[in-house]
Amino acid sequence: MNKRRCSTMEIMAVAAAREIRDREVVFAGTGLPMLATMLAQQTHAPDCVIVFEAGAIDPRMLHLPMSVGDSRTLVGAAQAAGLFEIFNYVLQGGRVDVGFLGGAQIDRYGNINSTGIGPDRQRPAVRLPGSGGSADVAALSRRTVIIAHHQRRRFPLRVDYCTSPGWIDGGATRRAAGIYGGGPAAVVTTMGVIRYREPTKNPYLASYHPGIDAQQVQRETGFELDISEALETQPPSAEELDILRHQIDPERIFLK
Amino acid sequence: MNKRRCSTMEIMAVAAAREIRDREVVFAGTGLPMLATMLAQQTHAPDCVIVFEAGAIDPRMLHLPMSVGDSRTLVGAAQAAGLFEIFNYVLQGGRVDVGFLGGAQIDRYGNINSTGIGPDRQRPAVRLPGSGGSADVAALSRRTVIIAHHQRRRFPLRVDYCTSPGWIDGGATRRAAGIYGGGPAAVVTTMGVIRYREPTKNPYLASYHPGIDAQQVQRETGFELDISEALETQPPSAEELDILRHQIDPERIFLK
Amino acid sequence: MRNKVLKLDEAASWVHSGASISIGGFTSQRHPTALLRELIRQRVKDLTVYYHSAGSDLDLLIGAGCVHRLEGAYLADGVFAPIAPNFRRFVESSRIEFEDYTNAAMMARFAAGAMGLPFLPTRSMLGTDMMPGRQGSSVEPGKTAGRSGCKALEMACPFSGELLALVPAVRSDFCLLHVQQASANGLLRIEGQEFLDVQQALAATTVIATCEELVDEEILRREPERNRIPSFAVHAVVPVPFGAHPHGVHNHYDYDPEHLRRYNTAAKSDAAFAEYLEQFVFGAASHDAYLQAVGGPERLAQLCPCQGVGYNPLLKRSV
Amino acid sequence: MRNKVLKLDEAASWVHSGASISIGGFTSQRHPTALLRELIRQRVKDLTVYYHSAGSDLDLLIGAGCVHRLEGAYLADGVFAPIAPNFRRFVESSRIEFEDYTNAAMMARFAAGAMGLPFLPTRSMLGTDMMPGRQGSSVEPGKTAGRSGCKALEMACPFSGELLALVPAVRSDFCLLHVQQASANGLLRIEGQEFLDVQQALAATTVIATCEELVDEEILRREPERNRIPSFAVHAVVPVPFGAHPHGVHNHYDYDPEHLRRYNTAAKSDAAFAEYLEQFVFGAASHDAYLQAVGGPERLAQLCPCQGVGYNPLLKRSV
């Protein structure tokens, strides 16, 4: 596979798909998480189950939804429920194995800001959409995978507003905050994959994408990242790319 | 209408039906409350809505159910839900206007025992079925109507076990217990109809059934009953009896 | 998709003595009664049973000596038994532990378990002798139900000041259900009232569903609005036609008034009930043998419903 | 049965300035958008809006100056607007009050309102800057949301000791919904995902439902399992075909990507949005005029779904 022939979005979708194991229940949001979950279902995890917060459980989508409320999430679905059932019985009930998250800022401990940029909470420099289900997925999934655009301003030491708790201040602080499950397992970015060490929850660079090196990733990160063991991200296979491009997103809704 | 031609059950069913107003939401249990509600629908309250705790909302029953879980509660129903919806959204949500109750003991303030007879709670002389939805209906309906067999031992000064709260100890004690709505409006018995005075909640005999006099009712009651204003219960009309006997309970499941 | 189909005896063997269970259905409807008879045959003991409005399903387990402790709201069988007979006898002779709640409180307890919460508040229970510490309560706070050992608590709402009762979540080891249709993968379809089956299932660690019909999952996926229990919460599926008899199953068969009367008469004494068990459970060593014992195809045909009403309008019900 | 059918302008006139409302649907699906446009035409002001995941439905009300205060979780429109533009601009210029919750917390708040409870516990919210008193919280306890003036509280579960967040119930004056089918008596049928419509409706004092089709109630009563909102909780029914446009309605029409892009572009500035309102709301003084303005029958036909999938697979969605 010629590395130059695949886009960053494609590398990320494949890396994210590989975070999903077969038979897992996946809480997927709009965009790349949908691509990743659909790809996992068509490759190594045929029996993983997607749930969408708007109500669809275990669909066999034929066309990519543009939001989690889209009718396209219902094709062949096992259930058409609603937020009450998804948040109570599926998410808080402890049934979600892996939840996908995104956000405008991701900090050293995987805390996410999707509420507002700037120091003044009542008058933010940039008002973001808000948590939606993000904080819920962050608190209640067995583990989470964060998808992010890797830029220094998006990876500050500390988020301006903690919308979705990651490892909070590292160590056991997440548990101390009353959050019993989960925590970020990986941050799949436009440059690589970040993971967290036990028991400090300090971040390390697990891999950098083809064409990028570890120092570049550190330069675009606003906190110290252990890059000592980073390897190159395993590139997408021809089969994975083919499925992504021709079956999952032929309309190029998310893949750029 | 010749009074001797109708049974006590028929008089009670008619008296109970008259407690229901048109367009009200009625929480009905097995037996006489079903007869009463169905009769009300076919006479003065065509738009009253029956709900059953097992899940049926607003049916148009063709055959009398033998329990509230019976399939017969579903004929023509607007909704087939479950206990979650009925108890949360309908009853606790404050949608029930009148709830019907029964029980083995009814005391001076309309508190009901359907749990156990005798002083030893862990080894009752007679173990009764338990609250079921009775305590819930007693606490959460706008008002309740109690149906009872009038015998002195069933009408003690104080119930052995308070399963379903009535006016508790009278006055404002119900409110003080944290119960905001409702309370017993009437006790329709085999001998007459008892109601409660404001603000003491002391019981009085509102009416005695045809063939019975007020003193007889007092003798079969284990607490003092103001009988000074009691009148004879208005007997069933020919139409009411006809509907009861030929349309509602032709199988004689509840009507004896 | 996974194949979760088991035979009745295999599924029953999952339920170990000492387990906590809940049973789907309501009074005389849609109980997994064939599965319960198999538990009795397999001599399961010391069960803790959480229930709301049970009927002769739970009374059968009690009479067969399978139950150590009860937490629930109502045990009777409508017109057939104003008080469930084995329950009454076992309680009156102190042969069983019990704790009383209301239906709404048990609903809240199962819902809390399903929702992953340790408790739910309710406006019910207040002012009743079911509240611990009340004059009439059988128990003191800190002495009984719930993982924490506390039956219920009173709390002033920190937002409104109103009094509320808090009831602890139920999490049972097993939930045993009977539904109209299921796929091999564990997608379930309930027709008619749901009762509390969805919340009971989701409050259990392991869910065993018996069903009238095993159907292709594609059929169930055509109406996703009507499936309320995710297949990932269901662990075993057992096709058992007439699996709820003598209880009814909406759209499949009516309850059997003859057998329910026979049951409730027998359950009034230990001796008569031992005979009942010998005839209909131990002596009828399989579900097929049971169906023969209760009258076979001829009787079962009399229970079958009219299309359009879900029960048999011609069924003889009064004595 | 009662006849609750009203015209769109009559129903909209029920909603007074200063009222609290919630709006059914989710991001770009099944909002009562025609009713919202009519509220704008009737110059309703100072609304408090409770929401979970809103889209250009609520953003439209904000941009039209109808909203005084927001309490909710998410305001964006999927691919069409990663941040709802009027919302962003109004917040950044301090023209609106707002309070942030999570979707699960808003779900719990609406559910509490529907269930007649003053609060519900949730395992979410903890550890976030949405909790009052946190370093990052915009407000202190006792200063904001809920009838009691408190946004949320932390509590140790009295049964298990685990930390939980308590969130206050939402009780809104109105809930505005759009559904596929309704009877004149107010029995509603939702196809596809319910979103949070059931709980939002039951948490409101008055429910106004617009619908694609007014149907005979007998039809809805044939499948009682599929009706989730009791008619006694619904106060007005307004038949409005294409009443959710530019949002989609499962099985009826897809969202309109062209119009949503146009909307989200216009909503980026006050001036452009004033033009949008003039063209599509004030200038198109009725729902029919609006439908003409967005392309008329020709455009609407392009949104219509294939039987079997509930949306139009051939719809051009990417730019």
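Per-chain residue numbering starts at 1, and chain names A, B, C and D are given in the order in which the chains are listed.
Here is the rule we use: contacts are C-beta pairs under 8 Å (C-beta built on N, C-alpha and C of every residue); 3 or more make two chains touch, one makes a residue touch a chain.
Since the structure is predicted, the reported quantities are computational estimates derived from the model, not experimental observations.
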{"item": "Touching both chain A and chain B (chains)", "value": "C, D"}
{"item": "Chain at maximum distance from chain A, centres defined as averaged CA atoms", "value": "B"}
{"item": "Chain C and chain D, separation of their C-alpha mean positions in angstrom", "value": "39"}
{"item": "Distance between the centres, which are taken as Cα means, of chain D and chain A, whole angstrom", "value": "27"}
{"item": "Residues of chain A engaged with two or more neighbouring chains", "value": "56, 74, 80-81, 88, 92, 140"}
{"item": "Where chain C touches two or more other chains, by residue", "value": "116-117, 122-123, 162, 164, 192, 194, 198, 225"}
{"item": "Category of the chain touch graph - line, ring, star, complete, other", "value": "other"}
{"item": "Complete list of chain pairs which touch one another", "value": "A-C, A-D, B-C, B-D, C-D"}
{"item": "Complex interface listing, chain A residues touching chain D", "value": "30-31, 53-56, 62-63, 66-75, 80-84, 87-88, 91-92, 115-116, 121-136, 139-140, 160-165, 168, 174, 177-180, 251-254"}
{"item": "Chain A-touching residues of chain D, taken from the complex the two chains share", "value": "25-29, 52-53, 55, 72-80, 82-84, 87-88, 91-92, 94, 100-105, 107-108, 111, 122-130, 134, 136-138, 154, 162-164, 192-199, 248, 250-251, 254-255, 257, 305, 309-311, 313, 317-318"}
{"item": "Residues of chain C that touch chain A when the two form their complex", "value": "1-2, 114-117, 187, 198, 202, 217, 220-221, 224-225, 227-228, 230-233"}
{"item": "Chain C-facing residues of chain A, complex", "value": "23, 25, 47, 49, 56-58, 74, 76-81, 85, 88-90, 92-95, 140"}
{"item": "Residues of chain C touching chain D in the complex", "value": "116-123, 146-148, 150, 153, 155, 157-162, 164, 166, 168-169, 190-192, 194, 225-226"}
